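Residue numbering begins at 1 within each chain, and the chains themselves are lettered A, B and C in the order written.
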Amino acid sequence: MTICKRLASALLLVFMSLCGSTSYGEGNQTLFDEGIRLIETGKLKKVADGVDLLINSKHDRSAFILESMLESKLYRHKKQKQLVMLVEKNDKGLLIADLDSLESTRQIGKRKAKRIPLNNKLRGKIKGYLASQNLNADQVSVRKAAIQKLLSALDDETLALIKARALYESNPDVQLLIDTAIALDALQSENETDRLKAIPTLSESLEPAVRNQLTQTATNDTSKAVQLAAQSALEKIEDKIAFYGFVEKIFFGLSLGSVLVLAAIGLAITFGVMGCINMAHGELIMIGAYTTYVIQLMMPNSIGASLFIAVPAAFVVSGLVGIAIERGVIQFLKGRPLETLLATFGISLVLQQAVRSIFSPLNRSVETPDWMAGSIEINPIFSLTLNRLYIILFCLAVFAVLFLVLKRTVLGLQVRAVSQNRNMARAMGVRSEWVDALTFGLGSGIAGVAGVALSQLTNVGPNLGQSYIIDSFMVVVFGGVGNLWGTLVAGMSLGVANKMLEPVSGAVLAKIFVLVFIILFIQKKPRGLFPQKGRAAEG
Amino acid sequence: MSLVSTQQINPIQETIFNRSTVLFLTVLAFVSVFVVICNQFVPVGSALHIPTYTVTLLGKYLTFALLAVSIDLIWGYLGILSLGHGAFFALGGYAMGMYLMRQIGDRGVYGDPVLPDFMVFLNWDELPWFWHGFDMFGLSMLMVVLVPGLLAFLFGWLTFRSRVTGVYLSIITQALTYALMLAFYRNEMGFGGNNGLTDFKDILGFDLQSDATRLTLFLLSAIALALGYIACRYIVTSKLGRVALAIRDAESRTRFIGYKVENVKLWIWSFSAALAGIAGALYVPQVGIINPNEFSPLNSIEMVVWVALGGRATLYGAVIGAVVVNYAKTYFTGALPEVWLFALGGLFIVTTIFLPKGIAGLLSRKEQRA
Amino acid sequence: MKNFKTKLAGVAAAVSLSVGASVTFAADTIKVGVLHSLSGTMAISETTLKDTMLMLVDEQNKKGGLLGKQLEAVVVDPASNWPLFAEKARELVEKEKVSAVFGCWTSVSRKSVLPVFEELNSILFYPVQYEGEESSKNVFYTGAAPNTQAIPAVDYLAEQGVERWVLAGTDYVYPRTTNKILEAYLKAKGVAEADIMINYTPFGHSDWQSIVSDVKKFGSTGKKTAVVSTINGDANVPFYKELGNQGVSAEDIPVVAFSVGEEELAGLDTGPLVGHLAAWNYFMSVESDENDAFIESWHAFIKDEKRVTNDPMEATYIGFNMWVKAVEAAGTTDPEAVQDAIVGISVPNLTGGLSTMMPNHHITKPVLIGEIQDDGQFEVVSSTNGLVQGDAWSDFLPGSKDVISDWRKPLACGNYNVKTGKCSGQNFE
């Protein structure tokens, strides 16, 4: 969301609340004023008391004040000793407005006003309060979140609010949550039949609050029948949890696998097709990630679109660096694959240091666009994180494009011809030099594209490449050198295997097991999962 | 896609002590004597005095040189590119480190007579089984050779029988050292985790910090290098060595002729691993620490780079490569701390393009011209 | 042939000579060594401290140097390679003849150089929070020990109502020790075994999906849960990103970190992290005159207004000033004299108080708990009353609760067992 939009919505809110205060002036004005006075001090302890007063006052401006606190917009003017609203942070300092008249803004220096401090406890309290205010929001998701928030801390007051909402709630999902809340309350009732009746509704719910309550009921309830019913409901819930836990593991595995595939697939081309051990592959990934960083620097106002520009840009930048490496070094080392290992190792050191000199050795911050943040909630215990989901899709897309390029284009045909029999291809008129340069450029470009994806997951720093190079080699070799399908299958299966092992053995041992497995697997199939056949495979 | 260059580098028929070997041993002996004299008998203020600091540094280079020779033996003469030789080096080092840890006795931080500090600290009640016996020097030295040797034997037995070759072999050696690195980083393993083994006090009762011990370790490294070198020369000039060359250049053909390719590979490979273990064992008391970082795959690649830079399949080239790269590292990290990776990386690139046979190739080209 | 022989001999001789030769020293400057990795995995953190040292030396020289001489910083790069740390430390002390060394970040690098400093009887100032369980005659620890960082942080969280604890760390000695101490401490406070979850991950761990999901599950039992993170530098970014993506907010499950400071946050989009905590002895947001001056001169030196300051920088600042004051008091840079003079010396820290070098070679500092804000800074939400003295030997570990450290004469021992009356583990006579 852009600042403009936020500002507009904030203004709207203010306007609405201002109208509200003039029309009915509800709530306890004295408590409210006292609360504001305490918040004005800017001292955390007093602010905490002030927030309590604001909530208790039930004043209709409380929500607005608290919400701006939550968004860290509420400031305290140091000289005037009064609360002001932050409109915008700019180069000159702060653009602020008075609480009563948000339209007239003024500019003050950066250190002239201080943000009203908050801590987690207060933030939780404010969010809870706002949630209870949000029960009647128009958006379904907001209402759902509000009730979910209230589930863990139900009291008579909130329950009354929820019950009131139940009368005119039209959305079935929200209705279900409301039923759960009511049932959860019934579970506490004195009446045994009420408790028993509540359990079937609860057994359908995966909310953690429900499970905790049921666990307590299953052991502590005075009635045996209720205990038994709670136990069987719990079992039902646990079964579902186990199932979703398994699905979650598969998802985690696929997402780890897609990262491995992305990192390795460029190598599958340079290493697999050209037979060139490129130790600088990791650094080409790193260059892609830094390209993303630079693109974001150039367009700070449209982070959302930056990735769409970063992908082709990273492809071009890494691809050009790759072509430069091929033309400058590797072409002189034809037929001496081990010397290329040595030279590219040198190149990787130089590239790392170059990045350190240009961008400093510190990690760079690459922002996650809004559309990639957050997750899709399938149910309360299982959600798919969006960035992982996009990366899986992105990985498949990259794979598909690459596959088509190699199978359906002239370049692809020539690349395959040169990799299978260089001399014959040359005899048929293929310019093998040119093909080599382009192949290397293609592989490097793909590495750059992988860097864009990785910039969303991990550090963008000079060591980025080194942490992926070993894994990439493993994936390519496990899949079978020179086979793109092999790389895809190998990457995905190693990812899933790793994630399946991890809960049992811990992260480190899982990785060790996977490595040992690769070593043993190669004994069984010395040329990987999908061995190359024919003469090209010899030697 | 062969990883093995088919160029003939050495004439087939040779004696152990050919010209380059004699020359190498002479230079090594000369340098050792020179260092001893300059360290012991030249007064401190003199320009020719070599401080003990430098002696230990040279000792470290010599252990690296021995490691490089062991890599050259299998890469240059057998065509196996190991990207995991650092594992054998580190295992030898750990065996030595465990002996040195046990020697600390109750002088450790917590004063426990048996358990090393890190075990007391992790609340271990007794010594894990694999630490037993490392209080005996003889057994520990046996382990220095046996552990890397046996691991290599096992690994080679599996791998060579299944005819894993080329890049596949290189990458699984890398997987081996990577897996070991992760394992040794684990504190539960009982090898001190990331901190490794350190704070050594003495070896066979001699204080590790005294100049005399340092000088002795340096001389031992020189002797080990000389003996290792001669042993490798012995192998490469023997019949075994000639079969190895045949395997390097045409593995299938050698097999069809009737040689047991697997056995030849297995023995030379295991010997090389044991040699790397010895190098590691000499390295540890001189630098004073052994830590899982030695298992890092990048370290192993760097070792291969030494050999490539010095010149493959010459043995003396490996020594030159190891010394030159490590000296460059010592010098550049002090003189150009901000940009030394440019210098080192540049060195690698330039030598591969302009000196395809490494520094040794440069020397022998001069020789042919003269 | 002759040519070849001379060439080979020449190479060998040249190498052996040039390694040994060229020991130069200019008598008109006092040299200080800077031993921080400028390449390799630790360069991310350590380069800043090298710059800090250069700035401090520069400022001291502008003030007229020390004992009438100019200071000269000797910078070397140990390249995140632990044996190389020992080698470079020896080079600094033996070859460059530096009067004191400021350096190291990781515990293993300190362990690697420790014997060198003890053998050559030189001085090392170590500016990073660490696991304790060490006190050397030759090392001055200006960072936090577990009791000046971890325990106050846990106290704060317990005050906020946390009952269930996840102790997550990278698998190396600092998290291991800290977690052991915390585990013992929490149990002593009555926390049940089942309410503590301990998890270790390898260095540079980048895939946190499963662990974050486990933490979420662990935290969904109704009791307030917090994560105490001793996760090391590089692994933090993917960890926090995963937290944000899986929707773990600071109100539900706060994470308190001991290795995440302003510098680490500068490489992160801090929006989703607001409210997570860190415990340090210094935050850039602290308001004091010393801090304002320090930030100003740092920005002027590094020529970048956006660079942040952090706790290890403050520790470097304190260490350097203590050394300067000790040298002035002793009238010489002789390490033995400085070691004696420095105990008891107080210098201003950046949070508006004085830090004192204690007889156990640790210093006194305030402990601050800060919450991450969306601008990448910390808001201090709690601070200890007064200063806390760094404890070399933890009171919560069975092996070291009877051990004390006091380098004043006549005891002069870093590892004295009050029960047995024995002084063990010393590397000098």
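Just so it is clear, a residue touches a chain if its C-beta (ideal position, glycine included) is under 8 Å from a C-beta of that chain, and two chains touch if they have at least 3 such contacts.
Treat the numbers as computed from the prediction; the structure is a model and nothing was measured.
The chains that touch both subunit A and subunit B are C.
The innermost chain, defined by the distance from its C-alpha mean to the mean of all protein C-alpha atoms, is C.
Distance between chain centres (mean CA atoms), subunit A to subunit B: 44 Å. If each chain is reduced to the centroid of its CA atoms, subunit A and subunit C end up 31 Å from each other.
Among the residues of subunit C, those touching two or more other chains are numbered 38-39, 171, 200, 202.
In subunit B, 182, 185-186, 338, 341 are the positions where the chain touches two or more neighbouring chains simultaneously. Contacts with at least two other chains are made by residues 352-353, 356, 508, 511 of subunit A. Touching subunit A in their complex are the following residues of subunit B: 1-3, 5, 81, 155, 158-159, 161-168, 171-172, 174-176, 178-179, 182-183, 185-186, 297-298, 301-302, 304-305, 308-309, 338-339, 341-342, 344-349, 351-353, 356.
Only residues 1-5, 7-9, 11-13, 15-16, 18-21, 23, 38-39, 75-79, 81-84, 86-88, 90-91, 94-95, 106-108, 111-112, 114-116, 119, 133-134, 171-173, 176-177, 180, 200, 202-203, 397-400, 403, 415, 417, 420, 422, 424-425, 427 of subunit C touch subunit B when the two sit together in their complex. Listed in rising order, the residues of subunit A touching subunit C in the complex are 44, 72, 115, 117-121, 123-124, 127, 152, 208-209, 211-212, 248-249, 252, 255-256, 259, 352-353, 356, 360-368, 373-375, 381, 383, 385-388, 456-463, 467, 498-499, 502-503, 506-508, 511.
Residues of subunit B that touch subunit C in their complex: 19, 23-24, 27, 30-31, 34-35, 38, 47, 49-51, 53-54, 56-58, 60, 106-111, 117-118, 120-123, 182, 185-187, 193-196, 198-201, 209, 287-289, 291, 293, 316, 320, 323-324, 327, 329-331, 333-334, 337-338, 340-341, 363-364, 366-367, 369-370. Touching subunit B in their complex are the following residues of subunit A: 271, 275, 277, 279, 329, 332-333, 336-343, 345-350, 352-354, 356-357, 466, 470, 473-474, 477, 481, 508-509, 511-512, 515-516, 518-520, 522-524, 526-528, 536, 539.
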